[in-house]
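Look at the two complexes coming up: chain A is in both, with chain B in one and chain C in the other.
Now for the complex of A and B:
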């Protein structure tokens, strides 16, 4: 149902239209300049990373073909036998997946403890000395920026092949990532309990235990669970460099073109990651709910 | 510092008598905490037994790490030719990150519209698009890199394609969540003024989400630079290739030089991208 729209007199309308045109022109100019810079950056990047459209168009069919190749031939007539053949290594793969989850668990736990210890030293509201805060923060930044797989590469040389370097690599990286998040939580706490504990004669450890900890603990657990979720993905590839878990079988299957094994292992990894995502999300929502109840 | 404060002399017993609710032992809570800790401990033991963690190697390994650390100092590329090579590889890494992020964002955008409940109301479409994004996201960048290397061959191009794939999953999820969090009144306004559904998306929805999406893309550019440094380990180009090689041949001074380069590059990109993000959305937290 169209309604009559009242129209302003032309002289008022002109001023408004001119202002609108000016505003949009300025915005368009910014977008245009930004767009040109972006295109330049993309061209430079494409040149540097050897992007080749011909190579891509010649080979792109291999990508769906690759995945099509990994699909096992399962017919209805011999369904159970086909599935059994596809998942022939299921016992070994499940054990390796279990290893992967345990690596994640130990690594995340050790990293959370490390981050927990360091985060109080990195919080400017609890530590008076700027030097300690600065050094702790830079250490955490270093642990966070170096990817865990690089730590794993180095640790494999120091500790030998096996799950141990994987656990330690995840622990170190997690210390950096969680330490930073934890420190941000600690810096945002209500300062009154801290002052209260100091005023009643508490020392530094009592301040942390009775003033800071009750305020931050549920947030800490929530962040640690989120990290656990991320680390499962990280641990799944630790085997690429010999640091244990399902990754070692996956890289072997990909390198040796055992197509159906690739799809079986990938499926197992994706299912594991999804289940862990769902579980940790539930737990985190309950924790956040507990927080808002208080 | 705390020794200056003398605690007030308080008669503990009388305080406990006056405020019994603060002094009562909460056995139920303690039992919960205790059982939680017991389960956590049990998993630690299971982990150590199942993974056969060799504690004897722990100590010798730490000494070896100390040796590696000493050998890393000072960071040294060996020759200026090597330094140039590493800088070129670093440029390649940043390029991979840029193209991967952009490509992933461009491909994920239409998908995120499909996966957003307020754009496509169909439950089946919603479910399918969400689950396929979850599947793509469940596969790590390094695995994508491995697959693309066997498709297009060794080199940085495989890395770009791998980052596009893994970003497609994450961006699809983030974007669709951002779109679902928009204010629907703007869209209703456009519809009420006679616009079609597509008009509503274009003029009601997009202006709300584009700044949020742009800031998410910038944020990912930084984290993708970290990912791009490692995909070289499986042969997908960038500085990771050099890094893995130098670690394997125990050239520790070169290793520390490359790690230093990565640290500098990542923090430079972090700085630039957070500047740009603040310019786009103002100083509020990215969600």
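Now for the complex of A and C:
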């Protein structure tokens, strides 16, 4: 039996291979030049900002040393008493942690709604006017480039101490971050359903609802859940500037050198984030599973 | 020789393929016909093991295909090349890279990931593409090609797998009449010149009769007809296709619009 593909004579093969190499040369050159520029930029950045490896290696031991200082002395003989002493403020901390999670929840929800509304206006494939896309994108950029903690500080000055400025700060930042991610998802959708709905006489809102939304919803949910998780961390430091939650006790413990309190509060935050991670993962799999069952 | 013994595929409560048993001699051109939803696609996909059969066996020249795992399974998939209705190319890769996908089972993983293809494999891919006059577009993205061109790229990808069997799942269902001819002729040429077995799902009875030397008729997951095209009488065809019979048996629209009765309202839903 002859081979499935009769091989061409060598000279003909070489000519064809050369033609293909020529046609793809520009692309390969771009990748190569881009790679070199990237390495150069990394070296330049490290040099000009004085990121020095020697300084890092000389002082790296200090970092675990601080953590080592926060570890409480717990002996097996008096185990429960030691742990109880270490976690002396557990009731208050759990209440503050609960505040933090509520701040996160409200802030993420409001931010996700904001990002949802704005993302369609920021998608170049759905909006004809470049001006609208430009303005929306810059707005989203402003929302996410100003750090949450700075927003929180400004809102504390405006609304006074408490959880409200924390919620507003997280909502604003989340609008910016999710709006951009959502818009990118929308720009990657398949254009055929969009054409189908436009050709049937749909207006812009109908195109968004019936052609775009069904394609993007599952991605929106995963990004929003990821953001919720990130925001727990963000909300944990809101208290640093008096915007509510566990942060106010954490910063106090750090400033006043209550070492064991620092480790206790950090541990509670880590456990909370882990639990939220496990729960959101379940929720996400559930939603994806429902999608593929159909 | 490919032997399918009591092959059954269930998805939940639905049985897509029900106790399919047949064997195919090397070098045959087999057409699988039947209504949409009769289980033709699932049958081909379970031979390639894209779908896990629930029961039964597929044997190929003494190998139990249904028991293969890991490397052996991948090698079998390369030997039983699939061709799809929607071509299933990677739209963002260029045409030659798409054809080189057919060499993945042979090339080491690190070489393929770095796209450093051995000269031998490149030569095979280029030869296959040139055979279909497609080297001129080798550097273009696959999604920039027309449907007919994409299907030719897909056939080239199947060929460089150096397959023993080609499993074509409605390869011409999204093509115009001219490209239908090109693709079916290519399959026939591969079958006759290289002795590669072709098993081809077809919706059109006319094409099946023209190209295949044996037909398998499927209905509700079961194989209900197995024989040469001449043995497929109009009566059997009508049973196979039920209401769709007229449509698939070659009454093309050009044969006279006058003769077509306006279907009653609601007939489309039947």
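Please note the rule applied: the second predicted complex is superposed on the first by the 213 of 294 C-alpha atoms of A that agree within 3 Å, B and C clash if a C-alpha of one lies under 4 Å from a C-alpha of the other, contacts with A are read in each partner's own complex, and residues count from 1 in each chain.
Please note the rule applied: contacts are C-beta pairs under 8 Å (C-beta built on N, C-alpha and C of every residue); 3 or more make two chains touch, one makes a residue touch a chain.
In this text the structure is predicted, and so the values were computed from the model without any measurement.
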item: Partner chain in contact with A:49 - chain B first, chain C second, else both or neither; value: first
item: Which of chain B and chain C A:261 touches, first, second, both or neither; value: neither
item: Touched partner set for A:6, first chain B, second chain C, both or neither; value: second
item: Contacts of A:273 with chain B and chain C, given as first, second, both or neither; value: first
item: Contacts of A:149 with chain B and chain C, given as first, second, both or neither; value: first
item: Which superposed partner A:229 touches (first chain B, second chain C, both, neither); value: neither
item: First, second, both or neither for A:16, with chain B first and chain C second; value: second
item: Which of chain B and chain C A:249 touches, first, second, both or neither; value: neither
item: Contacts on chain A seen with chain B and repeated with chain C across the two complexes; value: 2
item: Touching residues (chain side chain B, partner chain A) in the complex; value: 2, 5-8, 40, 43-44, 46-48, 50-54, 57-58, 61-62, 64-65, 68, 91-92, 94-96, 98-99, 102, 134-135, 138-140, 142-143, 146-148, 150-153, 155-157, 159-161, 194, 226-227, 229-230, 233-234, 237, 243-244, 247-248, 250, 255, 259, 262-263, 266-267
item: Of chain A, residues touching chain B in the complex; value: 2, 41-42, 44-52, 55-56, 59-60, 62-63, 66, 98-99, 102-103, 105-106, 109, 141-142, 145-147, 149-150, 153-155, 157-160, 162-164, 167, 198-204, 233-234, 236-237, 240-241, 244, 250-251, 254, 257, 266, 269-270, 273-274, 277
item: Contact set on chain A toward chain C in their complex; value: 1-8, 12-13, 16-17, 19-20, 23-24
item: Residues of chain C defined as touching chain A within the complex; value: 94, 96, 122-124, 126-128, 130-131, 135, 138-139, 159-163, 190, 193-196
